[in-house]
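One chain, chain A, links the two complexes that follow: it is found with chain B in the first and with chain C in the second.
Right, the complex of A and B next:
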């Protein structure tokens, strides 16, 4: 480990390439923290968007007209406005109305910037997920639904046990696209100062003037994450593919 | 992100969809969902779905925000409508004599699309080259820029690109200044380039192989086949996603405000500051921002949807 650190220290002294986090504990911890926050942000908004999509798709088939129109309006709104503006709106406008508590001398909202990033990104991707799940649900034939009803399933139960599992397999490729898109969109959380990878990298290059090196790290991190996600989802897609369908 | 040539062309070959059936099977709809997902994957983005009634909603939002601000305005301060009227020219065009604010958004989107399209078309054609290194190299470049977040690309260009290009070392007495907005143009044109490249490649490989074979039987060379037979047919398929990409790009230009480019979001914030950061004015100013972006993007997005319908019948 020492050798490794020494190599990069010497690299800096000899060539000027300053990968400082590889030989200084403080910067190493900082970048690790950034990666951790980024990963948390991605996983949290991913899960939240899936939950939103699951509930939204169910609500779209509700009997009440008001609920159906509400969901349709929500999808239209989040699909057609830029995610960056959505994040700013959630953080600056809705953030003003959240009750605050005393955080040692200053007022802090109960939902911090990380929370708002998860909520706004979750709703952004959730709008797409709702539509994706709905298209999958529409692919389930009416007679399957009727069969479930004949077996005594309630609407909710048949949704959970019969329709959704089928629909999910149908819409997995579309879902895959959307989740990759969400992963790339999470960088916008930088705009409201969530201490994620981008933000941390910015801090490090401000302190050490090693912009190029940190940019390389950023690219490796994000392209790597996308590659891992795409690879994993692709594998899953293949194994979940309904034989003979499309 | 790719599923390979076979699957794509398979997915795109039956544009009319599977034949309708009365049988209670998943097949037709499920195949359609899958096809949609694969097309979306090829184009690298979702299609904007603007509808006529959105005009009403944007107008309602604007008026509501204004009325709410009017009610919350303290005595003696200017109301929201006067404030918007006062600052609208600033947000739209920036200070007198300079093209900034919203017009800079348009300039950035226009040039980024121009550069992105030219570079992307070249890259896309390289992706269907017969030479393996060219094909692999362009594939790598495409995938790299497609899969990196826009903000990271924008940061890279904004911070690493020189603020001026000195041509003295090569014997020309000229220093080209590169202002912030021009760097933003380059930053935005990179992801556009990669995605257009994929659109071009997808369009070329989506054509039935019979086109290539019949051209060959008529003794066309590869270059002639490409320029006279394949590409003219591709243009039709590429135009709707291309316009859609322009809309996405125009919608994305506000993120340049993070880097301090003086475009509409930056100027909206400055205008709000100048009015003393009154909280009741924030929603109306952002609603105004939303409205001008919407007014610009709406007709273009509608046009793309119409073209799509027009072209879909004839493929």
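Right, the complex of A and C next:
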């Protein structure tokens, strides 16, 4: 380990390539924390966006006009505004309406910047997920729907047990795309000071003037993460394959 | 998939080394001539650092450092083009040859001298302090474990978090950081004492104070491309700075922009005052 650190210290002294986090404890801890926060942020907003999409797609077919218009308005609002604007809006505008408590000179909100990032990113990707799920639902044949009804399923039960599982298989490739997009969009959370990978890399290159090196690290980190996600999604797609369907 | 991953990583490395090679390939000592030939001097300045470099109500870049940039252009007899830069990218602008000169409130640091050319003497100095609501914090040790707003790219973020255990929340711009302070999202805003003084003088922060002893008084430097430092361009800029100090121009500019006179600028003015010839 010591040898490893020495190698990169010498690399810096001899060539100017400064991978400082590989030989300085403080920066190493910082980048590890950044990776961890990024991973948490990605997992949390992926799950949140899927839940939003699942509920949204169901609500789109609701009997109540109010719910249907509500969902349509939500989709228009989040699809037609830039995600960075949404994050800033959630944090600086909505953030002030959430109750806070005095934590000794500063106000601790019940939702912190990480929470706001998850909420805004989740709603952003959720709007797309809703539309993606809808495309899948519309691909389920009318006869299947009628068969479920004939078997005595309620609207909600048939959505959960019959329609959604079939729809999900149809829209997986499109969903895949959107989730990869969401993963990359999480870097915008640096705008509200969530200490994720982009933010951390920015801090490190500001302190140590090693922009090129940190850019490469960022690049490799996100290529790796996306590869893992895409690999997982493909595995999942294969395992859910129904012979003769889709 | 593994192979495509390695391929992407490899191309990133190759791309990066190309960029490095390109910056080194800049022929040295021709910047001065280039500026004269083109009839235009391109200077990187701050656009969010009142009163050194900021936008006035019409959107024009103005401030103390913009006046300094104008002085340089006037001395060369060329026109001036201003490029707004950020703390986190200003040195790259210079390395990549996008600007001829950078006057952007930069602290003079040993690791920065390896990257950009810093002509002596320094033109200004400032230290680290915080802006906080009255009575909230009294000393640096009060910041331990508490959220402190800052700006991405400032060198003292690391020092304040390392030395005093403050939890730095760094934003992209000053406006966001100060908004977070006003919203009470942090106990204090860590920044340059001289800039905080300007904020306090603006009358927008009557409930706030600058409670600490200023730390790390550090000189500011303007910068030229590294390989131009020992050439005409670096030496020309050294001369400009010398004359700013000697003629009292910087003292005059501080007054013009409502900045409290700094001891450093007054001392330098005295030190470089011309000998009274008989």
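In the analysis below, the second predicted complex is superposed on the first by the 232 of 246 C-alpha atoms of A that agree within 3 Å, B and C clash if a C-alpha of one lies under 4 Å from a C-alpha of the other, contacts with A are read in each partner's own complex, and residues count from 1 in each chain.
Everything below uses one rule, namely that a contact is a pair of C-beta atoms (placed from the backbone, for glycine too) under 8 Å apart; a residue touches a chain by one contact, two chains touch by 3 or more.
None of these values were measured; they are calculated from a predicted model.
Asks: State whether chain B and chain C clash or fit side by side on chain A once the two structures are superposed.
Replies: Aligned through their shared chain, the two binders clash on chain A.
Asks: A:26 contacts which: chain B (first), chain C (second), both, neither?
Replies: second
Asks: Going by the contact rule set out at the top, does A:35 touch chain B (first), chain C (second), both, or neither?
Replies: Neither partner.
Asks: Is A:215 touching the first partner chain B, the second partner chain C, both, or neither of them?
Replies: A:215 sits against chain B and chain C alike.
Asks: Does the superposition put A:5 against chain B (first), chain C (second), both, or neither?
Replies: neither
Asks: Considering only the touch criterion stated at the top, classify A:206 as touching first (chain B), second (chain C), both, or neither.
Replies: second
Asks: Give one of first, second, both or neither to describe whether A:109 is in contact with chain B, with chain C, with both, or with none.
Replies: A:109 contacts chain C only, not chain B.
Asks: Does chain B (first) or chain C (second) touch A:139, or do both, or does neither?
Replies: A:139: touches chain B, not chain C.
Asks: In the overlaid three-chain picture, which partner chain does A:59 touch, first (chain B) or second (chain C), both, or neither?
Replies: Neither partner.
Asks: First (chain B), second (chain C), both or neither: which does A:95 touch?
Replies: second
Asks: Between chain B and chain C, pick out the one touching the greater number of residues of chain A.
Replies: B
Asks: Show me the chain A residues, by the header's touch rule, that chain B contacts in one structure and chain C contacts in the other.
Replies: Common to the two interfaces on chain A: residues 88, 92, 96, 190-191, 202, 205, 211-212, 215, 219, 223, 227, 230.
Asks: Quick check on the complex: what are the chain A residues that touch chain C?
Replies: Where chain A meets chain C, its residues are 16, 26, 88, 92, 95-96, 100, 104-107, 109, 113, 190-193, 199, 202-203, 205-209, 211-213, 215-216, 219-220, 223-224, 227, 230-231.
Asks: For the complex, give me every residue of chain A touching chain B.
Replies: 73, 76-77, 79-82, 84-85, 88-89, 92-93, 96, 128, 135-136, 138-144, 166, 170-171, 173-174, 176-178, 180-181, 184-188, 190-191, 198, 202, 205, 211-212, 215, 218-219, 222-223, 226-227, 230, 234, 242, 244-246
Asks: Show me the residue ranges of chain C that touch chain A in the complex, using the header's touch definition.
Replies: 1, 4-5, 8-9, 12-13, 16, 19-20, 87-89, 91-92, 111-112, 114-115, 132-133, 136-137, 146-147, 152-155, 157-158, 162, 169-172, 176, 179-180, 183-187
Asks: Inside the complex, what are the residues of chain B that reach chain A?
Replies: Against chain A, chain B makes touches at 1, 3, 11, 24-27, 29-38, 40-41, 45-46, 48-51, 54, 57, 144, 147-152, 155-156, 159-160, 251-252, 254-255, 258, 279, 282-283, 286, 289-290, 293.
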